[in-house]
Every structure is written in structure tokens, then in C-alpha cells.
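So that you can tell them apart, the chains are marked A, B, C, D, E and F in the order they are listed, and the count of residues begins at 1 in each.
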Amino acid sequence: MTQQQLMRSIIMNCVRDDSDLPAAYRWLYKYHVPDSISQFAPYVTKYCTYRALPTPPAGVDFGTYNWIMTEHYWLINPFKNIASNMPRGLAFSEYWPSDFLEITNQPTDNDPRERRWRGSRDGYHPIVFCFLPLFWENDFKGSERTIEDGPNFRWLTVFKYPEGVSREEGDDWFINQLAPQLVELPQLNRFMSSAVLEDPATSPFVRVAELWFDNSRQWYKAIVENKEKFTKPPWAKWDQFPYLEPYKDFTGIFLLDRPESDHLTQYRGYITTR
Amino acid sequence: MTQQQLMRSIIMNCVRDDSDLPAAYRWLYKYHVPDSISQFAPYVTKYCTYRALPTPPAGVDFGTYNWIMTEHYWLINPFKNIASNMPRGLAFSEYWPSDFLEITNQPTDNDPRERRWRGSRDGYHPIVFCFLPLFWENDFKGSERTIEDGPNFRWLTVFKYPEGVSREEGDDWFINQLAPQLVELPQLNRFMSSAVLEDPATSPFVRVAELWFDNSRQWYKAIVENKEKFTKPPWAKWDQFPYLEPYKDFTGIFLLDRPESDHLTQYRGYITTR
Amino acid sequence: MTQQQLMRSIIMNCVRDDSDLPAAYRWLYKYHVPDSISQFAPYVTKYCTYRALPTPPAGVDFGTYNWIMTEHYWLINPFKNIASNMPRGLAFSEYWPSDFLEITNQPTDNDPRERRWRGSRDGYHPIVFCFLPLFWENDFKGSERTIEDGPNFRWLTVFKYPEGVSREEGDDWFINQLAPQLVELPQLNRFMSSAVLEDPATSPFVRVAELWFDNSRQWYKAIVENKEKFTKPPWAKWDQFPYLEPYKDFTGIFLLDRPESDHLTQYRGYITTR
Amino acid sequence: MTQQQLMRSIIMNCVRDDSDLPAAYRWLYKYHVPDSISQFAPYVTKYCTYRALPTPPAGVDFGTYNWIMTEHYWLINPFKNIASNMPRGLAFSEYWPSDFLEITNQPTDNDPRERRWRGSRDGYHPIVFCFLPLFWENDFKGSERTIEDGPNFRWLTVFKYPEGVSREEGDDWFINQLAPQLVELPQLNRFMSSAVLEDPATSPFVRVAELWFDNSRQWYKAIVENKEKFTKPPWAKWDQFPYLEPYKDFTGIFLLDRPESDHLTQYRGYITTR
Amino acid sequence: MTQQQLMRSIIMNCVRDDSDLPAAYRWLYKYHVPDSISQFAPYVTKYCTYRALPTPPAGVDFGTYNWIMTEHYWLINPFKNIASNMPRGLAFSEYWPSDFLEITNQPTDNDPRERRWRGSRDGYHPIVFCFLPLFWENDFKGSERTIEDGPNFRWLTVFKYPEGVSREEGDDWFINQLAPQLVELPQLNRFMSSAVLEDPATSPFVRVAELWFDNSRQWYKAIVENKEKFTKPPWAKWDQFPYLEPYKDFTGIFLLDRPESDHLTQYRGYITTR
Amino acid sequence: MTQQQLMRSIIMNCVRDDSDLPAAYRWLYKYHVPDSISQFAPYVTKYCTYRALPTPPAGVDFGTYNWIMTEHYWLINPFKNIASNMPRGLAFSEYWPSDFLEITNQPTDNDPRERRWRGSRDGYHPIVFCFLPLFWENDFKGSERTIEDGPNFRWLTVFKYPEGVSREEGDDWFINQLAPQLVELPQLNRFMSSAVLEDPATSPFVRVAELWFDNSRQWYKAIVENKEKFTKPPWAKWDQFPYLEPYKDFTGIFLLDRPESDHLTQYRGYITTR
């Protein structure tokens, strides 16, 4: 019997540089969205993409991804429920253009679905893919915020602790030391976090946190201008805040509160200008 | 792991008086429907509102609600699955206008999500919210009816038995004594009922029943004109049929067979006249 | 060549009494909306129905209609462009249930499309159907109002002057005497009007006006409580304000600012409860 | 200034044989519908395709097309309004697969938009494309039929008179001699016709007629079994009824009353099985 | 608690002959699709119909169905979760026209939901209804195929082994003997299969297989022209390939890769030509 | 009678800097899109926004706008058809947040609908709004391009000639001198242009041109690296190519071939993350 488990997942993608956006978006809207709807509409209840806001000054010090974040809600674990000797249990494979790995800044010896992690600041920025529980687990600040309260500049971060630091040890610093310091920032409007689910294991990352500000100027004031003030964990291998190596252990993306497209309800084919 | 359980819920709302309808509907369609879709689209499979038909003569003797009935189908229990120390596990709270409790005839010392029951005929008519199994449990009359058979004037009733009367004792009267008498009414086209689920416990009510007629004239003939003829239970504390105190133990609403709006498929923003 | 002319039309319908609503709505959503979309989607750009708000106290003194207002925007005059010897130039006729005229309080010796006017307070309340220019012609008060400014309780009125009073004579009273008095009402938020187009001539009415309030209490205070204060035209044949005989010369309906359904974008078939 | 003219057009396409349907449908839904929506959504108000019902026995004697009929409603003449030295005034050309002309049984030395007519029974069955007025001009039988009256098996015919026979001379036979004989057929439920518009001149055909039956058995009884009984025009060059050479002067298609897809409202991309 | 189980189901329907298509399609789109959406939208995540491609030459030797295949994805087993003494647990029954069984070539002494199997080549072709796991279980050939690779002519087959032959014995032949022979066919592009779920038991069939070709000519070349070459199982009671009696033990349908309509997202009422 | 005229319009907006994007997008999707649909859905047939691609290096030398381009297709001139003494002929005004002019880099002493032009490189970048004919007038290169031919990086430019240079004199240089030189660029895939309509006169600009490349690297190679090679007009007042002062006489924006949202078909309210 199919095992059911309601989960959210987030995926972050980069482009090599801005010049790749027309090719990347063409893949997304002309090929990938219909491939995806065809494949998982029966067991995905929401499928959205959010376009990254422009990387703010100092954004690369925080492992900022520059293209899109895709959000799914799944009724099942899509990696289970398939007979073990079967390719994928689906009638169709997804279409990948020949330059897909290059333009999305991924190891070109990968296949597009590979999960080995090889991210680094000056090297690859592979797809970050992780599964989350349906509800946020840690609600640090701003739980009364409504959509009427003003614009939301969301800083979505996905991170792991350096090799040799356990999830528990790392989370102890994040939840008990860093979070209370972040909560004090007057520019911070909203702050919540969850542990990444261990199964399905689609990435090495262990925690996701969202910090919301009015805009990127407020983010800069709160985070970059205060970066000396946050407590460094004893196990840190990276000297500067966030004390986790950008693009290797710490990644993030800047988003609006509204997706660019909620595909299951809004996609209507690749309809162009004339 | 998220606990999955497919359930239906119904919610009935009143307005203080007809003059509040513009404010109440503005809250519903401008604020609450998009708030709700944003919040639960990943785990609600149907979300509709039905506008109450005008209260027929003698309707207040049956605890009739005068505004809307909202119907959801849930994939999960939305009150579980949230870490116990968390406010609600969601990024956004819902927006409530400052006069929401007043215009919807609820205790103004409540918060909009409060579940304590303080309904009475001349006092508050708080939100009635209960969860039901996916399929009707008791099918007393008319199971062969199709949509081609004519108009349907639905009397949806939600009730509990007076303090001191157990669910079993009360149901014994309803199912074994009253229902067979109702089935005999020539004006009654359709009649089904279910017990309210005990978890989630969102209201004190224990049973829901729907009785369908051609229109309100037929309802009046069948129910009001015959009200002396239905057997009174020995435990009754209210003298008249339905032998349950209106707005306290017995509530109801008159509905069409079709919702005013099936929001997940039909909502397209607050689009107005020009 | 098809003659093009962008026009708005409004149609008001009554039901005989509230008990007829299930049959009337069934006709509307199960039969008439799909009939209509099939027929005119190629030349109607918007097709909405607004459900009447409950008739407020004293509403019958103002010829209040109690069911729906339908709004169309037409690219053509639907009564032209048809060879004169042709029935209607369409493949299908619309479906009318046998009791349609009765339940909508119309002369039963009519056919459903008849345009002869036989409205009276205690008799028939036939369909009011008139064509308007695309833009409002008279903007008496509140032109800066936005949708953010609060709820809108719209009083849509459609009227003609008594026999023997010309459009010009009547409008002179309405525009130059009455309108300035109405503008002074503190409860009135918005007020605009247009002359009814003379072609197509689908009703005897000559002018439409909308007056918006916060709610029906404000309407009552402004209109009913002040009704002695408005200047009576010398030609009046009806003693009381509005000085035009209700249901014969003066009709109206109370509406929200948002249609119950914008059919061309929201209709998805007759989908019911289960 | 753009010249506006509200017109309907119909297009009939064949496939060489049934085996070409997967390729033909793939072109239609994967490439052509989005190409078309992108191109003309701003000035086409309805765009539908109807899949041909299977050709009934003797259907080829009536020039029956075997794939699809496409119906558009246009706000403008799409062949005007373009500077004469311009290719087409559009940013994109439509995509045509290399085997498009072959699989749709058209002259392979054409370009896909060519309008020269080279149809014949055993040769090509090129695209039949003609423009019609918005409303039917001749309503011969059944104008009271509603959608509730039962299934409709539509025989849509498009024809011209042989070389040397004027439109007037031909129409005189069709309208005054043949039509009254067809009207007498008890199997015929509905019958209407229009002259093809002379501008835009997209085909040599001059008249369109629709004859509706319950189903193909009734069509066969009415038309094929009676074919000796219809009056032959003096100018006929084809011996048998319809006295116009099939696939050259007389073409047709058998359709349901409902399109397979109303693309502007129903197309949502090329979404497949999984 | 409602038992959840994500399953796919397929249903194949025949018409008696092509002349019944207008009546059959009218039932489907005017009555059955809205009945179905009303009933199961809360627990069906995809609901599509695929129109059968024309039966190719020799198709009847393979039990080919000639009308539609309906595909559902279910969140629950719709035959469980209902109190055992209840008719169906639903407010409405589905509407069946009086000639439904006749026009769909089913035993007229059945009720429309009966599951007893009485299919035979020259007799009835009752509804074939079976439940499948969410993912394909056997992926024999072509797992890398994408939607960009060309047209897909899908041969969907549903079969059981003759009385006295166990599922295991039959599958041993199908999977280990026949499938490897089919994989060798150069015309075969894609081939996958699953065992039919045993619960819910809606038909006697035990296995579903899909074989995809470019078009029906390739299917004919691969299957009909080679039919002598496939190994006959020792238990065969039917002499010719597929060695299972057509319409009794072996049924199938020829389909495009795209449904005619994905009802939950595309249905918008019975909208017709005009 | 309403004057009908099918026109396209384009509007380009800037933000002061990237930090204003959350506020600007919130205005667009939460307030302005529903305001706009409510207002003009009856006479606008397409309403899209395209998000600006990131400004490429040297982009500011070409007056590049950094936020959105909005495209409308109008059935009427929205500035006519309104009685001259009327504010706007509409029931509602649009909502403008108090900081709208600041965050969109416009003169703060304007009203949001003002049309006086005060653009300059280091000063304001006011809204560029112009009306175009429905079809492109000049098709300089690439008319055979289809959507299958690859990604499209669109450079949309809107310009006027310096004071004292007539439309004819300026166009003579653009069409006869510059365009042929641009056509020779191997990186240029597509090139078309139209004169801006003189009525309605919503901006001082006189010509629009689109030049399409594979991506911004190809644009840079073609345009920036060759900028010395294009012929300077004798009347030039700006030294460098494009020989028109950026943000004053020459503006542009870089776009995908697909809008971010086609609002009339895709907008479904302000639905957010949760």
C-alpha cells in the first residue's frame, strides 16, 4: 500500500550568470512545468516557483542563490513506493536540455537528478533540495503578522553544520544562542525555522530558517552591519557570520511572500508576446 | 510523521443583522478567502461557502443561522501536527477586522478562534464548527435522488443533547424514534445524518442531519405544521419540537444544493463592479 | 458587416417569494448560465450576477427587487445583426422551465423574452432590462473612493418619469434638484448616474442611478428618515419620495460591490454538495 | 485605425489516414494551440476544436472530412490591418512539423497557409477555411430546439456551385428547391445556413449549412436512403445527390454539439498521462 | 478513521456502434462529469477521459474498446469507508439515462454499477474497471523516453488468464516469456505493466500493460504481422496471439498520450456551439 | 456611440532601487491587478506584466528600466468615451500607496496618472506609456522565427528624437540608416518596430523597436562592442550610440518572450506562502 506522508519541499536553483536567464526560464516554463504537472499532479497539492530577488550587497557572503526557489507539497514520499528494480515507475522521463547543467551552475559530470553535494563559493552551486514538515517547528518572532501588515522581504536560509558537528550540537547554538540574538533585531519582523526531514535524504542540509524584513536595506542593516555582534560557536570553521561556509554549508535566497507562479492553478501553457 | 485523516467540516456563521452583510462579505471575499487559500490549500481538497437562504417563518424556533455555511474537506487534522509550544506553525496569521466579533454576533471578549460555546436565542450566535466523516453514516430517505430530480431546499441541522443526556441516549431518540417519523413526511425528499467526530473537538455539538424539501413552503408544512406530532424524549428540557433549545442545543441553516463559491476552483481575487 | 457598439446592460429579476429561490437558482446555474455562455461568449466580455441583499425596511416603497441583478458588457447590439425574417440567428434556444414566469413574478401570458411593461406594486414585477453606456455619465459624489475605503452597500435604481413627462423635464428635476440634495446626505459615500440608451429599447426606463452607503442602516437614515425633505417635482403623480410609483415607474435593488459570480471566468458547471 | 468586424470562421482538416492521428494531435495540442493563443488571443473571442465523429457509411460520397473542425470568433479581419510590405506583422511565426502537409493530406508543394484549392475525392483534401457572419442567416427548421431536447449529430457542410454557376443561381436551387425538401425529412431536427463572407476570401466555397439529426443512423435514413428524391439542379455536373462533386465542390464533417476543447478557457498546456 | 490509500484506476467503455456517440458523449459531458466532480472532488486528485483512437485493422482480435478510457487517482478506496448498511454514503446518486446500458453495450439486466463480468466478442463489452498502484511496477522498455521524443500511440491492454490458470502462472508467461519478445520489436518505443490491485475488486482482470508505438501502422507491423512469432503458453485456450480470448479475457484500447479532457482542471460546464 | 479601436499599449516602470521591489510588487499584485481587472476587463482583451531581466553591463547608457513592462490590448481608447465634465466615468478609483511615487522613481509632486515627461539619467524615470497599432509595422529581420527556435532575449526600446527633430526626419535615420546596420549584426535574431500612435497621447515618445538576441552576452557583443560603428545622425545631441539621451529621449527594458503573468487568465488573488 502506498505510504502517505504530507510534506513540504523546497528547491533552490542558481544560474551561472544573468545572461543564462532566458535559457533557464525557457526550460522552466516551456518544458519543466508541464513535465512536472504531468508527472506529479496526482500526489502534489501545491507546486510554486518564486523568482529570487536581486542578490543584495554582501549577499554572496551568505551563499545567496540567484534564480528560483520551488516549493512543493507532497502527499507521498516520491522516492519511495517504487519497485526497487524499476527506473522510476513513470511513463515519461523529464526533458533536460543539453546545456542544463552548465547554465544552472552544476557539475557537468552529474546527471540532472544527482544528489551528491559539491557546492562551493567559487565553484558549483548545485540544486539545494530538502524536505520539511508541513508546519513550522520554531516560531521565534512575529507570529501575529498578517498579510495586511506590509511588504515581506523573506530571507530563506538552508544550512548544515561543519563536518564533525552533530545536528544537536549545531542546533543548540542556532536555537539557544543565535536565535535569541536575531529576535532582538528591530528590523526583523518574522522568524521561524524547521529541521530538515531526514527521509527523503535529498541533500546534506539539516535546518531551514526564514527571517523576514521590510526590504533589503533593512536586511543589510540588521544582518551585515551587525555581523560582528552574533556569538560565534566554538566549533566554527568559518570566521565570519554566519560562521558556516557560504555555498558549502550555508545557502540562502531572497524572496517575496508571493510566488511568481502557482503552477497547478495558474499554468496555461507557454503563451508568449506577439 | 504528519497524521493523515480525510474529514469534512462545516462551519455556520451569523450576522448580527442584515445591515452587517456588506461588511461581513467584504471580510469574507477580500480578506478571508485568500488568507485561507494561502494557509491550507496544500491540505484542504475542497473549500466552499453556501449563503444562507432567508430564514423562513418560525425559523428562529429552530436556531436558524442567517449568513453562511462553509464546508471544507481536510487531508489532515489541522489542529494536530503542530509542535505544542508553537503558536500555530504558520507564517501568517489570518486578518480579522476590529468589528468582526460584533458583526458576526459573537462574544466580543473572545478571540476570533475561540471555541467556548455561549450560544443562546437572544444572545450570541457564535460560530458552529464541527468535523464529520467523509461519507454520510445514516441514510434515512431518498438515496436514489439525483440532481436531475428537481430543486433541493436543504435544512442542515447541528445539535447536541441537553446536559446530562449522553450521546447514546440522545441518538437513540433521534435515530430510532424521531427519524422514522420524519421519514413519513410526504414533503421530505432526502434525509441523512452523521455523528460529529469527537476529535478535533471544535464545538460541543454531537450530530448533524440534513433534511431536504422542494422549498421553504414544503419545509413549513412538514415541520412547523406538524410540530405537535413528533415524539418528545423523556429527557427533554425544551418544550417544543425539536425539544432542544434553539441557538443553544439546536442550530441550523437553510441552503441550496450548490455553493455560492467553490473557492479553490472559482476564486479569482476581489473583482468588483465598475 | 456586424455593427459594433460596446455597451453595458443590467437586468433585475424578482422571485414571487423566498420559497421560490431554490427553483429560481436551479434555473439560473444549471440551465441559464451555460445556455448564455454558449450563446454570447463570443460577443459578451463580462457576464455577472449579483444576488440582491435582503430588502430593508421600507424597501417596497422604493420598488425593491428581491432576487438578482445581471450585468453584461456587449460588443454588439444583440438585437440587431440578425436577418429580419430569422427567429434569432442562433442554433439553440434558451431553456425555460414551465413555471419560470410564475416563480419570477411575471405575467404568465408573456413569453420569457417579452418586453411589454406591466409592473405594479401588488402585481407583477417583470424583468427590468436596460442598456447603458460603458462609462458613467454623471458623477455626483465620491469619485475618489477606492476599494480600500470600506464596505459598499449599493442602491441601484432604475426609473422613468410618469406618462406625459419628458425625459428632459424629468432629468432636469433629478439632476438639478434632487441630486444636489442627495449629495448633501452625510451617509452617502458615492453617487453616479447614466441615461438609459434608447437603442436597444428593452424597457420603458430612462435613467439609472447608484447611491452607495456603508450599510442598510445608513441607507435608512439617509433616505427613509429624510424622505420628507426632498423636493417634489411639480409633475409628480406619486405623493411620497421618490415621487415615482414603486414597481411601476421606480425600481431598485440592493447589492454588494462584488458579484456573486463572474460567470465567464468562474462558472465551472453545476457542482453540488455531496 | 484598426478595422473591426465581428466574424465567425470555420476550418476543417483531414488526416491522410487514422494512423496519422497521434502526429496530427501532437501538432495541434503541443504546438499549434499555444502558438495560436499567443498570436490572436487579443482579437479572437472564442477558439474551439471539434473532433470529427467517425465517417458514417457513404460519408465519402459527401466529401466528409475526418479529423477536426476549428471554430474562431474574430474581432477583426486578421488578413487586413497589416502593412502591405510586412510578412505578417507578428513577432512569431507558427511552427509546422516537416510532415505536416503529408499527414494532413494537403499538396506538399504548398506552404501551410496557402489558399489555392486543389481538393478531389481521391487526391488532396486541403484545409477548408471560410468566414461566416456572426448570426445564422437562414433558419429553415427547428428554431425552438434547446440543449435539453436530446443529442445532436451535426452535419456541417461547406460547398460551392460548379464553375459557371453563379452564387445566386446556385443559392436559388439550395434555398428554394432543396431546403424545403430537406425540411420535410422527419429525421431532421435542426437546419440552418449562411452564405460564406466574400472578404476575407480564404476559400472558394460560398455556402455553409448545418443539418442536425439524433445520430448517424438517422442521418443515413434521411439523406442516403432518400438521395434519389431530391431535385437535381439543371446545372448539375455531378450525377448523384448532393449534385456537387465531393471533396471538390462539396465537403462536410460530422460533429457533436460541444467542442472537444474551448482552448481560450480550457487549454492548460500539454499535460499527459504518467 | 478514513483509510487512505493513493491509487490509480482505469475504466474502459464501449459504445454499441458509432451512431451512439452523440448520446454517449452527451451523457458523459452534460451529466456524468459534473455528477462525478460533485461526488468525488474531495478525494480524487486527477480525473481524465481519453477518447479511443479508431480501432485499427485486426483490432477486434485484441478485444479493442471503441469509446473512452477514464483515469482517476484516488486518495481513498471509494468502496470502503461507508457504513455497511448505507446505500452509498452520498447525498446524490448519479444520473443514468434510460438507454445507458444499451448504448454502452452492456447487459441491460444490470444496474449501471454492476461488476459481474459478462464480456464476449459478439456479445456485451461491459465496463472494464480496475485499480492500479500509483507507480508502474514493470518497466520493460524505453524508460528514458520524454515527451519531446515524438508522438505516442498507446496500446493499453487489460487482461486475465483463463479459468484455472493462476495469476502467478499467467504472469510467469507474460513477464518472462512474452515481454522479452515484445521488447525486441523495433517498432515498440515504450512498454510498462502493473498487476491489478486485488482490493477494491472491481473486475476480474489481473494485469495491465501499455505498449507504445509511433502510430497504428507501426502497431500493425509489430503486433499483427508478427503474431505467429510470440510463444504460446501451454495453458492457452485461445489459439491466436494474444492467446487470451478477446473481450472475455483480453481487452484493450488505443489512446493518445494526452487526455481529451482533464476534468478537474478543464471542465467548465456543457458549453456548446451557437 | 462608443468608439472602438483595437490597440496595444506598453507601460514601463522603474523602482528607485532593488530594495523597493517587495513594496512595488505588493502594490502590483495585492492592489493594482485586481483594481485594473475590475476596471477594464470589459474592454481589455489581454493584460500582462513582464518582469525586467537584470540590467546588463552598460545598460544604463541605453536608458534601461529595471522593474516591469505591462502590456494591454484595448478594444477602445480608454481616455475617450467619457463625458468631458466627468472625473473618470468609473465607480472606483485605483488605490495608490502613499509612497508609490517615491518607490517607482517618479516626481513626487505628480499625481500617479500624470503624463508630463521629466525623465533624466540621474533624476526621475517616470512611467513610459505608449499606444501601438495591433500589428508590427516594420519587420526588419527574422520573420520566420518560431517559438521552437530557442530562447529570446528581447530588448524593447521606446524613444523620441531630440527637440527640433521631426518624427519624419528621425525615422528616416532610424529606418533607412540605422536599421540596415543593425540587421547585419550576426547576433541579432529578430527585429521589428512600429510608430507610436499619436492618439491617445500618453507620452512624448514616437517609436518602439524590439531587437531580440539569444541572451545578454550576445546583446553586449552586438550593441555595446559595436557602438562606434553605427552611423550618427546629423541632428544628434547625444554623442554616443544610440545618439539619443538615455532616460530622456531613449528608454528600454530587457524581457523574456513570456510574461510573468497574463493577469486576465492567471490572476487568482494574492495567494502567499504559508
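A few points about this structure:
Methods note: a residue touches a chain if its C-beta (ideal position, glycine included) is under 8 Å from a C-beta of that chain, and two chains touch if they have at least 3 such contacts.
Owing to the predicted nature of the structure, the values given are computational and were not obtained by experimental measurement.
For the pair chain A and chain F, chains touching both partners: B, D. Just to note, of B-E and C-E, the chains joined by more C-beta pairs in contact are B-E. Copies chain B and chain D of the same sequence differ in orientation by 180 degrees, per CA superposition (steps of 5). Counting the residue numbers used at the interface between chain A and chain B, under half appear in both copies, so the two copies meet with largely different residues.
Centre-to-centre separation of chain D and chain F, using mean CA positions: 40 Å. Between the Cα centres of chain B and chain C there is a gap of 33 Å. We define each chain's centre as the mean of its Cα atoms; on that basis chain E and chain F are separated by 52 Å. For chain F, the set of residues touching two or more other chains reads 4, 34, 38, 41-42, 45, 75, 90-92, 147, 257, 268, 270-273.
Under the touch rule stated earlier, the contacting chain pairs are A-B, A-D, A-E, A-F, B-C, B-E, B-F, C-D, C-E, C-F, D-E, D-F.
Those residues of chain F whose C-beta lies close enough to touch chain D in the complex are 4-8, 45-46, 73, 75, 133-139, 143-148, 190, 192, 210, 257. Of all the residues in chain E, the ones that touch chain D in their complex are 18-23, 25-26, 29-30, 48, 50-51, 53-54, 56, 71, 147, 150-154, 214-217, 255-262, 265-266, 268, 270-273. Of all the residues in chain F, the ones that touch chain B in their complex are 33-34, 37-42, 90-92, 267-274. Listed in rising order, the residues of chain A touching chain E in the complex are 1-2, 4, 31, 34-35, 38, 41-43, 45, 75-76, 81-83, 86-95.
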